[in-house]
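Naming follows writing order (A, B, C and D), and every chain is counted from residue 1.
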């Protein structure tokens, strides 16, 4: 059985918009049971000429927006004594890479946010998890902007959105005596 | 629905016995779909007086037995082009600790075994995963040998075997475009 | 032999001021041989009521300022084909903690910045290193703001600034066939 | 100034020989101030056909010998209240790799040994460190057995033994308010 999707738009870099989004969703649809933050953007420049506004923008979308959403949602979940909050990480959460100072920094910081929240919220019955996606996801957008990825690797070397969702769902369903806080997903044929 | 359990006994430190065990299970019950290595023993001594035989015994049970089982099972799974192999790790897989040179060493090595196998076997459609159990498990044995654990912590601060099994099962069921190789389970109220 | 210190003041959160600082130091004193970024500030709040401006300020001082300094300095060092850039990290670069979402996030991001820069700049003969300080440093400021630290722990359980400087200096002197990129310093009597 | 070298031979896989070696060195030359364990051997096989004796031998040389030496030396250093113990690690201490289950396992376990010893021995004024060598070392032996390494990479892409020794020496000289326990050395032009 599939649920029904409701679209809301929001600029994740604006605190007020994220605050408002969470309030509206709760008012119009109901208590948020599972919140998932996926918003992410990249930027690749040599460190010697990395524009400061590009560096900041990556942090603002990938990390700051997650922080505000995490705060707004956990505030309500703590009152209700239940809920699941999922953050989507990337390989860059674990390693820096030439050109990726901004992206890696933002994903490292997101990981720290998730772990800090988990340490505080686990004992309040709120399950916080950080799922590192270790490879390209097979979406129309990514097929369009990164066509080479799909030409270079075997047909199976990309993550299918429904398969990722399957794991997010099982995390939400985990019994609380044995919660995971972090894991990494990658395709079976991806060399790593 | 629960399956039917068959008991086999085996000394995990003896290569021949592990080789034989896997052969007998395959012959008498059928192709192994999921293999799980849990055998583990500890030892705590100051490094200055750690008996060499204790150091070796811990490695032999926790690591060497896992290596032989992993080899015997993966040999067959590679032929069949399918299967899941699960190794049970511990917090000591990630950190050494005063007194625990042997246990931490054996669990670090088990983790390396699991990762090396995953890198080789994922592309052969065999799912290898290392699950770090980050806390005491609520079994009659552990209740008897470590009673203080159960007195000191909140009733919920221990992992329930069925809840761990739930995650092992979902790992086995993961679709292969998005396999996890490692995760860590801990109780919601455990301070960490 | 000790050198001579020159004081410059600068608001690390303002790109223009950091850009100007590096330019002035180079113009007035000479080519920067070793640059070290230590500026850091903390903030501790429950995630449910963490002010967004506090979250941002910690990132801006601990991470963004380091990024701008790193960019300005590496630009010049790349031209000269030499130099050392040192970033001062904290235990929170490796682990999140309840209440420390901002500080941990900023130090995780700083670590990613340092690693990304090292990957790009090592082959240009620029040594980039991240030194994680794992304990309280014995300075007048810290003695004043965190007196309990110095009462609670043994006299030797704090890091002495000159001893930290010793390691920074040896990093700068390392021959380039065997450069370290990261290490962690802690007092000998600190239990960890 | 260089010291004078004395050669002793010993089978690191035999507890009695290592015990005897440490006793003889102390009796014939004097108290050991710095002990360094470098002995290591590799083995590369598919997991499906990894000989158990090869798996064990790698552990016995790379890990078990280090454990016995560490125990024998730390026993004496604890009595004297001083000393430095250095373990030479490898990239495989941090990551498993297809074919390298034995080598990675042994180096992971060595790292756990080193960290467990550090946690116990730091407060007894004994400095224990684990130095991960992240690349090929330029020795006549390695030039002979791995000639391709030296052909494929730039002249500077290998670690020079004297340069590694420089860092071992600075670790030994570190003041104890700011000791490092682990670091990683790699050549400046090595892509990583």
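The rule we apply is simple: contacts are C-beta pairs under 8 Å (C-beta built on N, C-alpha and C of every residue); 3 or more make two chains touch, one makes a residue touch a chain.
What you see is a predicted model, and the numbers here were worked out from it, not measured in a lab.
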For this session: Can you check how far apart subunit A and subunit D are, centre to centre, with Cα atoms defining each centre and the answer in Å?
Result: 40
Exercise. When the centre of a chain is set as the mean of its C-alpha atoms, what distance in Å lies between subunit B and subunit D?
Worked result: 28
Exercise. Among the residues of subunit A, which are close enough to touch at least two other chains?
Worked result: 119
Exercise. Based on which chains are in contact, what kind of graph results: line, ring, star, complete or other?
Worked result: ring
Seminar exercise, completed: Pairwise touch list, complete, is A-B, A-C, B-D, C-D
For this session: Under the touch definition given earlier, write down the residues of subunit C that touch subunit A in their complex.
Result: 15, 46-50, 52, 55-56, 59, 63-64, 67-68, 70-71, 74-75, 78, 92, 95-101, 104-121
Exercise. Any idea which subunit A residues touch subunit B in the complex?
Worked result: 119, 122-123, 125, 127, 138, 156, 158-160, 162-164, 166-167, 170, 174-192
